[in-house]
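Here come two complexes built around subunit A, the first alongside subunit B, the second alongside subunit C.
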Partner chain A sequence: MNIVVCLKQILDPEIPAQDFRIDQERKEPTQGNASLVISPFDENALEVALQMRERAGEGRVTAISIGSSSGTLALRKALAVKADQAVHVAAEGTINSFTAAAILGAALKKLEFDVVLCGRQAGDWDFGVVGPLLAESLGIPCVPFVTEASYAGGAIQAKRQTLDGYDLVKAPLPVVLTVTNASTNNLRYPKVKDVMMADRKEILAWEAATLLGGESPDASIEVRDLFIPVHKVECELIEGDNATEKALKLARRMRELKLV
Partner chain B sequence: MSSVLAFCLAGQGGVGRNYLGLLGGASRIATALGSETHAALLGSDIDAQGAGQELLAYGADRVFCVNNPLLQEVDSDVYVRVAEQVCRKLQPRLVLFLCDDDGRALAPRLAWRLGTGLTTDCTAFDVEDGVIVALKPVFGGKALARVVCKSQPGIATVRVRSMEALARDEARSGEITVLDDIAVDASWKKVEVLDRVKEEVKGIRLEDAEVVVSGGRGIGGAEEFAALHDLARKLGAGVGASRAAVDEGWVPAGMQVGLTGKMIGPSVYIAVGISGASQHIAGVSNAKNIIAINSDPDAPIFRYARLGVAEDYRTILPALGKALEELMKD
Partner chain C sequence: MDIPTREVYWNVHAYVLLMYAMAAVSVGAFLYGFYRKISPIKIGAHDISLDRWPERLRGVYLWEKRFFRQKTAGFMHFVMLWGAVLLFLGTVVVFIHEDLRIRIMAGSFYLVFQSLILDIAGFLAIVGMIVALARRHLFRPARLANGTAADSLLLVLLLALLVTGFLVQGVRIVATRDLWGAWSPVGLAFGVGISPLIADPGAQLLAHKSLWLLHAALAFATIGIIPYTKLGHLIVAPVNVFLRPLDGTGIPRPIDFEKEGVLGVATISDFTAKQLLDLEACTACGRCEERCPAARTNKPLSPRQLILDLRSELRARRATGVGSQKPDQEKAEPAPADLLVPRAIADEAIWSCTTCLACQKECPAHIEPVPKIIGLRRYQVMEVGEFPAKLEEASNSLEKRGHPFTGISVSRAAWMEGLDDVDAHLNAKEAGTLFWVGCSAALNERTMKIAAAFYRVLTAAGIEFRILGTKEPCCGDPVRRIGNEYQYASIVQQNLDTFKSQNITSIVTTCPHCFSAFKNDYAQFGGNLNVTHHSQFILDLMRSGKISLAGTADKKLTYHDPCYLGRYNDVYEPPRAVLAGARLVEMPSSRSSSTCCGGGGGRFWIDEQPQSRVSYLRMQEIIDSRAEAVVTACPFCMLMLDEAAKSKAKGQVEVIDLAEWVLQRIGTSDAVPV
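Right, the complex of A and B next:
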């Protein structure tokens, strides 16, 4: 079984709002002190891929990432948790979700795959479209919001999260799964030795332009501007000598403001 | 005349409340464009007249219904082909979906089939010189983008609860058409549901609760959530959680509030041991009053809160519960 997992490298989405800045010209955030990370749902997707391989007792996990030529951190991390292969697709300029889907689609034509895993949405632009777009462009089904999956009898069984629980579903191969977070798919920690090994492994270097054969994927959307919203709430911090007093004062204020 | 088309994916159920907000949004954009508001109602066993009248009363000018037993569950492999046929037939200017699980699964696939672009999770729309500009929170809500679709029809998914429904007006009239020439084929269905599992959630449904008490990583464990349930019981509140609490396995995923969890709009939201990440706040941007209890006085949550206590929740919650109970007696 061949599993391909799509990893986007992004600026840490956890930086507090007050430290977030944007470059109006480029319509992109500035990096500031933010580190680069694997987009969180892609970490979940990677964990699901590793679990699928373990449960099946066979299979190959290929991690693929599109980005500027220096962006291989996500792939190194994937190799450190024992992905079998890593592919970096270098692309110039802004790569929005639509361009990414087109490039991934072209890359998948060169890779063998039974299952493609994506995060449900990237933690930067929050589009959440690449998985379903890929499925449609490859003409295969898509199961969204998966938390766990295994390979059985030539098909995939997956837990798909619902509003109040989950569905157990069965899908034929090949298939695209988009992954959402659950307590069962937090990405494992790599062993120190594997991190060192990963640094020496080869990462296949592909070019987006070559994959696309000169065609430029028209994104069909345009970001006109990007700005930081202003929001202003004055917080009334309850003071007091001890916790009980604070709790009491809070209760009174809640009552006065008719909140309860 | 051009139209703004709102898809209402009914499946087996009726038209949920959130769709009325979607329709309200569609109607406002249509007015600004000088277009009509259309609703496409897809499902199985739909009472086309009854449900159609309801959609007319909430602002649709015309309702198109596709009724087929194969549309019982909202399976995107099947629904996308139906939605594609509907769009090709009606040629709308703008197509709207709700940004819930169904809309998220379907809208991008429809966009690909129609060879057009889409913007997801939009919270507002402007019409500028006849161009539709979608407002989309990005970077977890830390920024807003104004996005235009360069091809037609434009497609957008609309954030749950971001748009107001119009006031119900039974005097509104319009046409209800059952589309009986839309093909639906059993072979399109690829994914089989083997089992449906519901996770019991204690107390009031989050989406309906007027008061919500939510816990985050600061709660420290699954058992510790009992303190939140205690307070919630006293207040008649629902209990929610942050993603961190879900990832820790302390609470079921159905309790996650936020950008990729539930979008809720209670009048009071009590955030306990939650740092206030923008992705979490995105789920409560409609909450009228946020109360924060967090041991770190510098936690970002205080920037969103009306009332705050910088203390260990373990000492605050029991005393707060007791005090509120006393006060509420009077």
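Right, the complex of A and C next:
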């Protein structure tokens, strides 16, 4: 069984609000001192892939990531938790969900796969459409919101989270699963020896442009504006000698402001 | 007049050969016993060092100080130990006198040393033993609760040994009408006491003979069983003290990742030889457990139990002969059946330790539980990859964002807001001293006030210093204590490179964890930094007149010793000297017996049930001191105690840092008033 996990490397979602800045030109957040991390749901997807391979007792896990050369950090991490192979697809310019799905689709043509795993949505833009778009472009089924999956009898059995519980879904191969987080799929901690080995492993380097045969994929959507919402809070302290007086003044003030 | 002496083997010449036979058996048993006890430690990597032996010897001499951390137990051990040593010397004198025929047992030496001093020593030892028995059976401290019958039996044996000794002596004095008998007052008293029972000379001779035989038998039996019983500590403990690590008590050793086979401690043979000797030196006295904050808050860790469990493991190995191959070659994968965690040591036990070092400072045998616990953690983290989720998060966060916290809302720049000349200090490439803020002070709303306060103190004193601002990384202390040595080694390397490239050789910090790391741990990696804690720095500023403190001391304060400042680095006095003008009350648990705040060793990240919070234990001691505010000198202590002050002390106790207290008194701020 061949499993491909798509990993997106994003800006650390834990940047303190104070440090978060936007590049108005490019309509993108600036990196500043923040680091790049694997998008949280993609970490869950990686863990699900590793568990599937363990349960089946066989299989190959390939991790793939698109982006600038710094994207290899995510792939090193994947190798450290013992993904079998890693592919980095270098791509220029802004990549949105549509272009990402197109590049991944092209890359998958060069890889053997039975199951493709994505996080349910990226931790930066939260669009949540790469998985379904990818499935559509490949013409295969997509099961979203999966927390656990295993391979049995030529099909995939997946636990799919719903509002009030879960569905057990059976799907034929090949299939795309988008993974959501659960207590069962936090990414394992890599062993030091595997981290050291991962540093020595080769990462396949592909070019998006070559994969797409020179065509540039349709971006389909455009970001018109990007800004940090400003929450304005005005605070007024009501003075008073005792609770009754304060309450009276508060009531008067609220009426003045037409709040009651 | 005769020269004072006595006839050795009076009345018992016929049994001297028998005595030598007993001696041979006893010494044989003694030597074999120790060989059997000690030789298994060679399964551990060799790390026994005899360098700087005068310092080591001095430590053995000063060892008694440790006894007296507990007064009754100290007295008891003191008189029993010195009683035993002196009485043994007395035997040596007899040997020299009789067997080597060098007649030294005569004259005033005989009277003063061989008679009077030994008599008193023996008597005090008897008192010590009675005290020991009384402690075991009448006024039993909790830590002796699981003493065994065998322990008591040993005391009775020793008591019988001394009493028969005095009886032999007493009967001899009475029977021979010894002119010098009064120089052995206790022996004489025993003789006079028993004489009504044995009035006629024949009975006296018989009594003397039988008592002598009994005494000899008891003496040789005692010597013979030393290595097989708890008495073994008589020998192993001082040897262990002598061989103790001289630098960096409690600091784990670095790992050579290229060479090491198994990372951390998987099985008993992964400990070093000295660490294994520790196990045989333990007397199960329980002093460590009594001070251990984890044990005191009912966590599944007791340092004593840990040592004893590891010792059982070592002894079981000795019995089966497993693991006797030397670990020279590349170590193979440990056999699953030999893994210590969780079979012999509970997983939660190793994660309950705050690495506070209280156990080690208390242990009369200088046993070190902390590096052992860290060794066990290392294996869990680096080889198994399984450890508490919160600690995983901290490790991950440190890797991703250069600090061990998750979910924080403040930026590293926040503490600098509103301070004067920040840019100048950020760019002060030439100014020697670096004010290292540390993650715990920089990244929390409460603790960043400590950083700002110390910054202001430095400014007020006109000190030239630099800061790294948002470029400041983490010192790595949390991951080292968690057992992630691989991550730690790379952090240290990066930081040392940064220091080198920026010409940083001298550092002052408000965080004892950073302080201790730079001072002790980084030195293992070739760091040669001049590190000062802000308590020391402020004291220097006061002494050199760069700042002077004014203002009245209105509130009653107490001082909480941070573990990594006090126990790890012996910095107890500077903060107290800074607080000289305050109304300071000391808690009974202070200085080296200070109770941990609960935040060390990665425990800061672990959520605890309120009833088992170490910080609440400490807060209760603070409340009991009746102080209105507690001063500390560590941002982690601040966070732990501040939470406890709010919830446990219902806001009745204020928690402040030394820097904040000082700043108020140099009158340049409107910060936290105390």
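Note that in this section the second predicted complex is superposed on the first by the 232 of 260 C-alpha atoms of A that agree within 3 Å, B and C clash if a C-alpha of one lies under 4 Å from a C-alpha of the other, contacts with A are read in each partner's own complex, and residues count from 1 in each chain.
The criterion applied here is as follows: a residue touches a chain if its C-beta (ideal position, glycine included) is under 8 Å from a C-beta of that chain, and two chains touch if they have at least 3 such contacts.
Being a predicted model, the structure only gives us computed values, none of them experimental.
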| item | value |
| --- | --- |
| Subunit B versus subunit C as contact partner of A:Leu237, first or second or both or neither | first |
| Partner chain in contact with A:Asp12 - subunit B first, subunit C second, else both or neither | second |
| Partner chain in contact with A:Tyr189 - subunit B first, subunit C second, else both or neither | second |
| Which of subunit B and subunit C A:Val37 touches, first, second, both or neither | second |
| First, second, both or neither for A:Phe145, with subunit B first and subunit C second | first |
| Per-residue contact with subunit A, leading partner among subunit C and subunit B | B |
| First, second, both or neither for A:Arg255, with subunit B first and subunit C second | first |
| Set of subunit A residues, in rising order, touched by both subunit B and subunit C | 14, 16-18, 186 |
| Partner subunit B, residues of subunit A touching it in the complex | 13-14, 16-18, 20, 22, 27, 29, 41, 98, 120-121, 123-129, 131-133, 135-137, 141-145, 147, 157, 161-172, 180-184, 186, 218-229, 231, 233-238, 243-244, 246-248, 250-255, 257, 259-260 |
| Subunit A-facing residues of subunit C, complex | 257, 263, 381-387, 389, 392, 395-397, 400-402, 406-414, 470-471, 486 |
| Touch list for subunit B against partner subunit A, complex | 76-77, 80, 101, 104-109, 111-113, 115-121, 133, 136-151, 190-199, 201, 211, 235, 243, 246-249, 252-254, 259-260, 262, 267-268, 277-279, 289-292, 297, 300, 302-312, 315-320, 323-324, 326-328 |
| For the subunit A and subunit C complex, residues of the former touching the latter | 12, 14, 16-19, 33-35, 37, 186, 188-193, 195-196 |
